[in-house]
């Protein structure tokens, strides 16, 4: 009996080690392809960008370390950078407009009417489409000669002559923002709708019994419970509008002059039109830090994890 | 609850739907009649509609080629996504040494949007010799972190008892995934398919950077490039726009529920 | 999951599933359209030339114009038969015009013909009428 026990005692640990290493190998080999992709296309580029931003590099010559020279040029000599930064912040600031409209739409669609699914579909239709196509459609809508917006404005006698929306320094950025809001409206609405439907109905009933009218119910129950959804909308909307290369590039290519230039389009032009990879990398690093900063601020404003990804 | 009148709500929603649909109608109308370009004031109902602008587009623009390119790249992306993300999602449901490091790594990668990686991604793809190829176009999107977490959540929801029963029956790790977990994760798979399809089909910036020759262009790229070649003065360009939008709209109408579900559960990708 | 009728046999459920039905219909339409195109793309353009009084014109010179990037250029000419009819055999394009002319009888306007696909067989519905002057 002693021998039998020691035999099994000897064989079992041996078997267990083999199985657990085999399992570990399996797990890591499952993870490996994805991690490889992320390494190649996220982590490595980020690091390379940081490295490049401190170098001067023309593609056929070896790289030279120049310290903060790129940043100095960016902050002190480059007007386009500041214009692009300003435009980017402007676009971030316009996200609440879209969210407010979407909130209203969501409340309407959530109410007890027939055909709400159809309305929801119609409003959401613009989101899954190609941003390139949306940009082209809105380019035509805002066109000076053939655009619908000008036609309606003249029909309603709002203006005498057609406004060259996409060619004017004052109207170009608002036009791009309008197109962006049009596309994102359905998406915000769906997120807020999901949040609305997660609010238990008996809260409203209890409040109604206590004598609260519809407005107070909205203010005290709906809005606070919608905070996670609204902040999710804000974070996504901000990320989307700040990285909306497609829309700006196709609609105005940076605008008359640089009136609609945003940081992303500026980075693209620096890297692929002017082939200044090193300087573009520096602008990218600043852009990334800006994104981090705004996301972190939004997270703090929402009081912690309210803006985080909600995975149901 | 107290009854309130319905018609103001319908009115408001109709107005909103109108605003959302009018641009499509405008482009559709012009693609069929080509008239508002030259005539002022433009007509609301197209006069003398004809489909010949679509014929013009077919012969003037390599639509079929662009479509094929987009389809190939999208199919590659979807297939790779489902496989890679399911594998990674499954491994995250197990506990192993270094799991928290991996999780932190993935979460921080989520903070790196694609637009901040374009230049090195271009250089890396060039070094791999994959510029101007289908694989190079599809590769950056082969795996996405959101979809990994979607799979993970779905696998986590599989009751422990089922897995234990399967283990007792002697199934290997592979068989467990294939026979027990995947069938229960169909919604995660649908989400994954939808999301990866949208991201790769609509992708404009990466094909813009990664293609050199005109016949490797995908649909969004082809649309944008042709717009810049010709003046916007013929109905053919509007027809091209409609032709490009049609597959997306059709797919959306066909799979609405899955779309909405997929987008709300994978909501944080920019 | 969907509004499926679970009492129907499995093959029927599979067939009526929207993800199968719609692509199948689209494929059928595509195949049908391509068959139609293949059987009708000989590039034959037929018509008739009449003069101002409505009588058929023989020997009128009929020109086929093909759109070439920015303008129309003459691609082929033929002569009308005794009964006024004419026929072109190898039209390569989808955007063409025809015009007829006979010295002494005048010339017709250039009639635009838009086809659904290149080299579609086409019969002109209204005859080309020759008139004097412009």
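Every chain is named by a letter (A, B and C) in the order it is written, and numbering of its residues begins at 1.
In this text, a residue touches a chain if its C-beta (ideal position, glycine included) is under 8 Å from a C-beta of that chain, and two chains touch if they have at least 3 such contacts.
All values derive from a computational prediction rather than experimental measurement.
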item: Chain pair with the greatest number of C-beta contact pairs; value: A-B
item: Most centrally placed chain - per-chain CA mean versus overall CA mean; value: B
item: Interchain centroid distance [CA atoms averaged], chain A/chain C, Å; value: 49
item: Euclidean distance of C-alpha centroids - chain A vs chain B, Å; value: 15
item: Euclidean distance of C-alpha centroids - chain B vs chain C, Å; value: 38
item: Residues on chain B engaged by chain A in the complex (per definition of touch); value: 1, 6, 9-10, 12-13, 16-17, 19-24, 26-27, 30, 36-37, 41-42, 84-85, 87-88, 90-92, 94, 96-97, 102, 105-106, 109-124, 139-140, 142-143, 145-146, 148-150, 153, 173, 198, 201-202, 204-205, 209, 219-221, 223-224, 227, 232, 238, 241, 244-245, 248-249, 251-253, 256, 259-260, 263-265, 267-268, 270
item: Of chain B, residues touching chain C in the complex; value: 50-52, 55-56, 58-59, 250, 254-255
item: Touching residues on chain C, where the partner in the complex is chain B; value: 18-19, 22, 94-95, 114-118
item: Residues of chain A that touch chain B when the two form their complex; value: 23-24, 26-28, 30-31, 33-35, 37-38, 40-46, 48-49, 52, 105, 108-109, 111, 113, 119, 121-133, 136-141, 143, 145-146, 148, 151, 155, 182, 185-187, 190-191, 194, 204-205, 208, 232, 235-236, 239-240, 243, 245-246, 249-250, 264, 267-268, 271-272, 277, 280-281, 284, 287-288, 291-292, 295, 308-312
